[in-house]
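Structure, as structure tokens:
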Amino acid sequence: MLLTLIVFVPALAGVIVLASPARAAKWIAGGFSLAVFLASMWLYFGLLGDSSPNFGTVMDPQWYINATWIDVAINSFHFKVNYALGADGLSIPMLILNALLTFLAVIGSWHIEKRVKLYMAMLLILETGVAGVFAAFDLFLFFLFWEIELIPMFLLIAIWGGARREYAAWKFLIYTLVGSAFTLAGIFLIYFEEGGRDASFQHFAQNGLNLTGALPFFGTTVSLGLVTFLLLFSGFAVKIPMWPVHTWLPDAHTEAPTAVSVLLAGVLLKMGAYGLIRICLGFVPHGAMEFAPVLGIFAAINVLWGALASMAQQDMKKMIAYSSVSHMGYVLLGVAAASAAGSLNLAFRQAALTGATLQMFTHGTITGMLFFSVGVLYEKAHTRDIDVFGGIGKRMPTLMLLYSVACFAALGLPGMSGFVAEYLTFTGSFATLPVVTILSVFGVVLTAGYLLWMLRRSFYGPLNMKWSWLTDANAREAFPLVALAVVIIFVGIFPTPMLNLLAPTLSQMIHHMTPVIGG
Amino acid sequence: MDFVSYAWVIPALPLAAMILIFFGTRPLEMLARRRASGETAGAGHSAGHDHDASATDAHASPAVSAQGEDTHGASHSGGHSENGGATPFWAMAGSVIGVVAMVLAFFVAVGVLVEFLTTKDNNLIQHGQYIFLFDWFRFGNLDYTIAFRVDQLTAVMLVVVTGVSMLVHLYSIGYMEGDPGYSRFFIELALFTVAMLILVLGANFLVLFIGWELVGLSSYLLVGFWFDAAPEPPGSDLDLPYPPAAALKAFLTTRLGDFGFMIGILILFFSTGTFDFGALNSAATYTHVNQVALTAAMILVFCGAVGKSAQFPLHVWLPDAMAGPTPVSALIHAATMVAAGVYLVARLFPLYHFAAGPQSLEVVGYVGGFTALFAATIALVQNDIKKVLAYSTISQLGYMFVGLAVGPNNALGIFHLFTHAFFKALLFLGSGAVIHALGTQDMRKMGGLARYIPITAATFLVATLSISGFPFFAGFFSKDPIIGQAFDYGTTHGGNYTLYGLTIVTAFLTAFYMFRAYFLTFGGRYGQIAGFWGAERAYRGEAHPHPPSWVMWLPLVILAFPAALAGYWSSFANFLTKGATPAVNISDYINSAFSDKLTLIGIVVALAGIALAWLMYGVQALPAKVFTGNPIGKGIHALLMHKYYMDDLYRLIIKYVVLGLAHLTVLFDRYIIDGIVNGSGMAVRGLGAATRRTESGNTQGYGAAIFGGALIILLLLFFAVGVLKL
Amino acid sequence: MVTLNSFLVLGAILFCIGLFGALSKRNAVAILMSIEIMLNAVNITLVGYSSAFMGHTHGERLTGQIFAIFIITVAAAEAAVALAMIIAIYRRRSTIDIGEINLMRW
Amino acid sequence: MSLDIPTIAFYLIAIVLVGSALAVVLLRNIVHSALFLAVMFGAAAGAYVLLNAEFIAIVQVLIYAGAVTILVLFAIMLTRNAQSQSSNPFAKQWWLALIICVLLGFGLVYAVGNSAMAVASAFAPVHLATLGADSGTVTRLGQLLYSPFVYSYVLPFEIASVVLLVAIIGAIVIGRED
């Protein structure tokens, strides 16, 4: 019931916002998103009551609700969709992150004046779509929410975006739709290969190991597991985004308004990573194992490519967008390492996968903070060009402090969550994919390079007189930044609760995969 | 009293100070400042978004920030005493909190050291003691633990760090007086101290790496402390580093080293499944580990040390890091952080020495030896007093690595680290006093300053003698054994005396350039005592030097004692090796130091260096033109002035290779990937435009198409049935 | 001997003549007339089938004729509407040459 | 081949049908075309009679030869264009239409003679109408169309009436001068 509320209250709030006067829109949206955030915190704290809390696994989700929704049987053809929502260690952090970032996005959008009702409603409906993706425990329901999220996001970019907003919005939409078409094909394939009677996650997780064999393919045969994996992964790869289907991201980020960039980087990319871990890895272990070396190579390319491309950017947002590509590479690395073949200590795999999952959360907060920082600057200066600034740190000490915190978190400084995630990922992934890991570690150097170089060019040095009128971030602007900084530093210093939350789910997943990957 | 168990207080104190300043006194200071400016400036500030208001704001601010720039340009090169008067009350309160915290921490650290010196508890001696243990997480048998442990090595480092940090805190009250970022400075100083203490207390790679990166952060912040300074105007030949650029360079260069370090950690972790130093250093852990992998791992770990300790080829950041305030240079870039690399190798000494192949320590030794000579040669020609000290630091760190590489245990290198911390901190603080007094760091505008600031001169002289290896001073006792051991190492390694040659030549150069610096600054021609004690006539500058306040000279005096006497800790090796080497009493220690022929050679070499410096700069009997007059000498001089063109090489690599690749990726994205994506879109549109022609609106055409199509199907069916017999 | 085949061939020929008219005339009324020819051709075919099988199970094979009746009904309706449209178009544009009625082009 | 009266009647009707259809299509004057259309409708009614479908034949005469022809003539009259030389011209691509139609015709005839379905039934004898024979099909048709008790097409029939109603209203609405 709690999950139903978390998923649908935002959409309801969106309708209420649309029906209420424009003056109240922000307050209503803010109030509801705060309420949803508090409710989503209860997802975690509500489980803490026991001395040894059970955060659930994919086989045994918490907050589970299951009702038959569509059930059509024609002879042997059986199409069954259940309204099944659940949460476990993998989805609870994502649900909380989603609710948190939506709330902060509403706060961060306080200055929006253009069609504010529709804007707030779209933010809230977006929250519903994303929360649904993370909470769904039925494959078709998952896909439904996966597609629902596109509509508000498309509108948010296309209406409130920058100069090239329509190009960016269409690019986002078409990329995602093409990817998810393959995913849908993959969903049907796995559904019918696995009996065609049950689309629940538990069913697939239970029977994922059976997904072996070969499919005829133009005179030859291909591995069924690999085909299923690749079909499912296509949509997730676009969303993550994995090189070479990443070019929608910089455009979308650059054109989207600040809060939408935050959500886009903070939670939408996580949908892809979540799908990769939950569905590709959990349901198609054979395919994941076969694809893991290639995935690892893509991960390294992602990391280095994103970092190098960031270095060449003039636009702060574009730079951060490419940094997202780079950072999501670590997620790919962790997943690839967790599923690569080899008879090794399972603990390494678990470390890698935990690192990847933590990186999902942590990247959401850190990139959100980076985008909010740029947003504050952009609202004042109306430009994001790194080189036109210079020495503005003198005028904006608070913003410089918070922006620096975000940058240092992004480059993996200890004491902040990015470090924990990257360190876990690297230490785990080196065991199975050493070369790829070494390449990815080099990304850390490049990350430091472009972020600090950006800080230097914009904030350091003598003040460019052109910007002498800039004012520092006020309390309303600083609030999302401070809130995220608190989360980042808390997880960076004391990651244990977070890791405890992730552990049972991922551990179950890794152990379940043991017959496939060896070890 | 059980100091060891309370060792967690040591990092907690500066942490508490940091938090108190950040959340306590600094906001109060800002509040007070705002109230003061509100009283004077009136309501001008409050009208934020109004156009007129912002226009006047823009009008007013050039004056403000131009003034700010001027002061920062000046403060950048040292003289910021005229920076706007006294330190505000709350800022001062913050700094006092910092100093008090550091004094307390220092006493606890000394207590810890004393306890280790006096304890009879064999378990404590052999294994040290965990003072803090917290599991971040545990995966199967892999644990990610935050663990602090104190043992002898840590105890020594604790004293060094807290001691120097305490004095630097005190000194900074004077040095940073009136600086707008006064509170920020103390926050960052405290942050550094905490990070450095985490680094030395860490009982495993995880914690050490955390400290390692955090000291990098605080180094970045402090080097870039005057982040709004303007770059040096073109035409100056002093080549003063520009703080924002220097900070960036420092962070990135050390990160490049950390890349290797991280991979080394990964290999070790993968091979052994543990981060813990205790486990890693015990033989049982690595018996089944591939020797080659282990050797590679140790060399990679050393890469981290190369970055942090500014060894060739990653030394380029340290001279630039002198852009930071001088107390920072003393604390971070001389005494403590840059020694972290040495500490790291020393910490893992059993791994290097016993487990990994001999190549690992050879790499350490040769990199160290080469860097020692390399940096010393550059130091010969520097005109910036801080640059001289920076290159001397690099050179001395090279010595420490040689000491670790050739020594039977890690005592040689750490002992030099120990003494070096004091005399180099003293040198930097002394140079800071000079810069504070004159407002410049160009040695050509100094000379004879001993007359004006005698305390500074005397303490500086003590430190100079110490670093030069003059007998009876600390540096002599720590450096000469390294040179001697390098000779023995050559003997036992088939007569390969390369390391010995490198170190002995460096010893000569060190004595020369340090005394050159001393003479140029404090002594010179016309001076008393044959130029050792300067006179007014030797002064070449214009500014009137003013003597430092007590908060600045007191640390100098305090530091002079360990700088001169630290070498007399005769049983250091015995202490550090947990009794594995015999204890030596003090008279035997001194006797053995002078009875060796090699030591005598070292003394002679040092004296020769001092004598040459005296001839050239003390009495100026031998002008430098003798060396730079001929073409070869001129060429070498130019090469040294340009620091072997290393900076230019890096600049080229970054500009053309890294940024070139970066732009290539962007071009690839834009033209290849987006080209394909947009191209397929265009192709569909083109196809649509082409087929659109058939939609002519002519219904009869459509009808013809329908029935023509039906006809084709019909014919195909006939073909299939009649001909193919399907 | 007149067999079903005779009627089928007759229907096919008529259909093709009608089709030719529908595809080649420019006058909308002529096209409509051609379409009527095609409909008649189909009707002849249907009634032919109906009649050919009437002998076997008497009474049950009148479906073809039923079809024809419906076709005639619909054709009448169609003719009425189509001619109304033609008149309406003529009133607007003073032509019923469908080569010139191309508002829907592209 | 025995030339009995119905056979002769069939060939006569067939010739008239094809000839008048060709005349409809080929004549230059639209009014002549319309008149030949009426001839064709009448001949078709004859063919229905030959096939023992008296009811269809009557309906054909009533609706086609009567109503539709009148409609067409009215339409021609109302849309008479004074300027045009030829009231019933060919389009430019008439040759294409000709090729398609001829080939399609051959195809259809070939299919009628050769496809499996056609072979089984195409040579089935057709009961041509003979004078004085029992004509019971109208009754049966009536039952089949309207009977509420036995299996019938009453529902489609009612729908057809709705279609007609719609067509009437539609024709009025469209053709109305506004």
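Some notes on this structure:
First chain written, first letter: the chains are A, B, C and D, and each begins at residue 1.
Everything that follows uses one rule, which is that a residue touches a chain if its C-beta (ideal position, glycine included) is under 8 Å from a C-beta of that chain, and two chains touch if they have at least 3 such contacts.
The structure displayed is predicted, hence computed values, not measured ones.
In terms of Cα centroid distance from the overall Cα mean, chain A ranks first.
Computed centre separation for the pair chain A/chain D is 68 angstrom, with centres defined by C-alpha atoms.
Averaged C-alpha coordinates put the centre of chain C at 6 Å from the centre of chain D.
Distance between chain centres (mean CA atoms), chain A to chain B: 37 Å.
Our note on geometry: chain B versus chain D, Cα centroid distance of 101 Å, whole angstroms.
In chain A, there is no position where the chain touches two or more neighbouring chains simultaneously.
Residue positions of chain B touching 2 or more other chains, listed in rising order: 700, 704, 707. Taken residue by residue, chain C touches two or more other chains at 19, 23-24, 99, whereas all remaining positions touch fewer. By the definition given earlier, chain contacts exist for A-B, B-C, B-D, C-D.
The part of chain D that touches chain B in the complex is made up of residues 91, 93, 96-97, 100-101, 103-104, 107, 110-111. Against chain D, the residues of chain C that register as touching in their complex are 1-10, 12-21, 23-27, 29-30, 32-34, 36-37, 40, 43-44, 47-55, 59, 62, 65-66, 68-70, 72-81, 83-88, 90-91, 94-97, 99. Remark: chain A residues 171, 174-175, 244, 246-247, 250, 305, 308-313, 345-348, 350-351, 354, 391, 393-394, 408, 412-415, 419-420, 423-424, 426-428, 430-431, 434, 437-438, 441-442, 444-445, 448-449, 452-453, 456, 459-463, 465, 468-469, 471, 495-496, 499-500, 503 touch chain B in the complex. Within the complex formed with chain D, the residues of chain B that make contact are 700-701, 704, 707-708, 710-711, 714-715, 718.
Put simply, chain C touches chain B in their complex at residues 19, 22-24, 31, 98-99, 102-106.
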